[in-house]
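We just call them A, B, C and D in the order they show up, numbering each chain from 1.
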């Protein structure tokens, strides 16, 4: 394992269509850090997370994630499988049950006992397993989506407003999960408006404004 | 690749089985098109068949073409649906994130579409026999034609469906791109079916060969290009 | 070398353009005045001198350039070849449109109908739509790299689609006996052959000239797009200066 | 015989070409003016 930064952006530009959502972002994240992204709506937080996940295009500048170069197509593919992104979308099939969704998205790569434990911990085990996702509440959907992420044990967690739509217990659960992952050596970048809550969790806070990253003072 | 393909195909089929879009919307659409052709083409008019000494109703004579047109239009709906399922909740991104092999995604989606098309063809085909009343000549040739056409439509359909994936204009773009591509398929399938129904079988088999070659070509194109197509979707 | 640059013109385009103009003038002179009418087709044969060349230039040269440009673009990501592919396809579609119209106009006096299910005309019509679709994909509102890659894949597949369509229609029609007058049977004397030859040269030169201009237009658009992007990035970065952390 | 089809054919083709050329050249000229001369260089 290299001990270099997990994420390293230099002048990264990312275009959403023709709009520069990221306009020259610089950011270094060291292993084990939990970085909180703060900033107004439309500042580029989501695009920053998607760039780190290998989804948003790197249009200019340089970016490496987990020592892989995001400018390279094959590296980008490798990055995707090693990070866990919880975005605005939950990426679930409404027509399938919770269990079927989780099994499909973990691709049989996760030990089924592990999977059961994760689902139980996230509160989507038990009788919820056989419920179609379309019938779930927004919070339950997010928990289902999150259980896929947790079960895949990503090296880098990218969470976009993870607390949105969750009840108090769910929010605490998220904090516990992130803390635990960090203890086990994972790194996390969290975009959140709930700075009070995340500040206790974060090892560092940065501001994202105008498609750039600034150190918060 | 094949494991991924299997997972994707099963998932797509389970989603379709649960949503019943095929049975509740696509099938009725296909049947409706069959009936509507009867309004456009006078059902009582008769023509002399190419063989010379037989006369048939116009509808019966053109039944193979009408059947494949109905299948083609329904297939457009199915292709659109196959990618709509992935765009509603950002699933296309998630498919990339969990590391599915693009070629596997292509094969899986094509297989799922092929299964749905076969179901569609059986039902609409029975409908066409009932409504247009053509004779049934060479069953083996007919089955081979249906199989080869299904693969051709499925492979080409998924390649072009991916071209429009994640686009606001998908609904109009995909038919514009796909229909001219499938024109030779329609032509070959219709000729082969004509031979299977009215004979002679010998003139149908070359068209089946053409359909097979077309399928292989798009199978290759899909496996090679699907990564590029999905990459920046 | 001192080259005055106005718009998309340059010394190179002016040379090619002059050649195209002279050849076109000669084509009009020989095609419409100096060559005789054909025995069975009459003066409609003159449509031939532009119909066949524009179809050949479009299907084989223009779409061939699109194929080559798309392949090179996918290989090394060169914007130059991406724009060449797009420019060739646009001019190719224009020429194919001409081939369609002149083909139909030629069919009316010769076959008695504007449209026959002649393999050439039929496959030309379908190819026309195929490449209209390609041009539509080039106009999608995507990030430029994504759009170019999709277009390149489509450009390659479309070229082969043209061949497939042509092939299938050809077998289909050859099964039906008596497809009227075959254009290849046209009786041509030397002045008619010469007109035809002139038509080929004129269309090739015109295509080359248009391709240069159309590519340069695309190149300028690309440059302006980069400028616009630079401005947009600067504007985006400017949002930070008005940012007040207290307002989150 | 046939002139009534030949003439429109030639008119459509060369007229169409003229329109396309005029459109392309004018657009090229207009857009080129927005670029500084040193960036108008093409690969010839």
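Everything that follows uses one rule, which is that a contact is a pair of C-beta atoms (placed from the backbone, for glycine too) under 8 Å apart; a residue touches a chain by one contact, two chains touch by 3 or more.
Please read these numbers as outputs of a predicted model, since none were measured by experiment.
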Enumerate, in label order, the chains that touch chain C and chain D alike.
none
Please tell me the distance, in whole Å, between the geometric centres of chain A and chain D computed from their C-alpha atoms.
52
Centre to centre, by mean C-alpha position, how many angstrom separate chain A and chain B?
39
Measuring from the mean C-alpha position of chain A to the mean C-alpha position of chain C, what distance in angstrom results?
47
Report, in whole Å, the distance between the mean C-alpha point of chain B and the mean C-alpha point of chain C.
31
Multi-chain contacts only, two chains or more: what residues does chain B have there?
231-232
Could you check chain C for residues that touch two or more other chains and list them?
141-143, 145-146
Listed in rising order, chain A residues that touch 2 or more other chains are 57
Here the pairs of chains that touch are A-B, A-C, B-C, C-D
Show me the residue ranges of chain B that touch chain C in the complex, using the header's touch definition.
159, 163, 167-169, 173, 176-177, 179-181, 183-184, 187-188, 191, 203, 206, 210, 214, 217, 221, 225, 228-229, 231-233
Seen from chain A, its contact residues with chain B in the complex are 50, 53-55, 57, 73, 77, 80-81, 83, 85, 87-96, 100, 104-108, 132, 148, 152
Of chain D, residues touching chain C in the complex:
1-3, 5-6, 8-10, 12-14, 16-17, 20-21, 24-25, 27-29, 31-32, 34-35, 37, 39-44
In their shared complex, chain B is touched by residues of chain C numbered 74, 126-127, 129-130, 132-133, 136-137, 140-143, 145-146, 149-150, 152-154, 157, 160-161, 164-165, 167-169, 171-172, 175
Per the touch rule, the chain A residues reaching chain C in their complex are 13, 15-20, 23-24, 38-40, 43, 57, 59, 193, 195, 207, 209-212, 214, 216
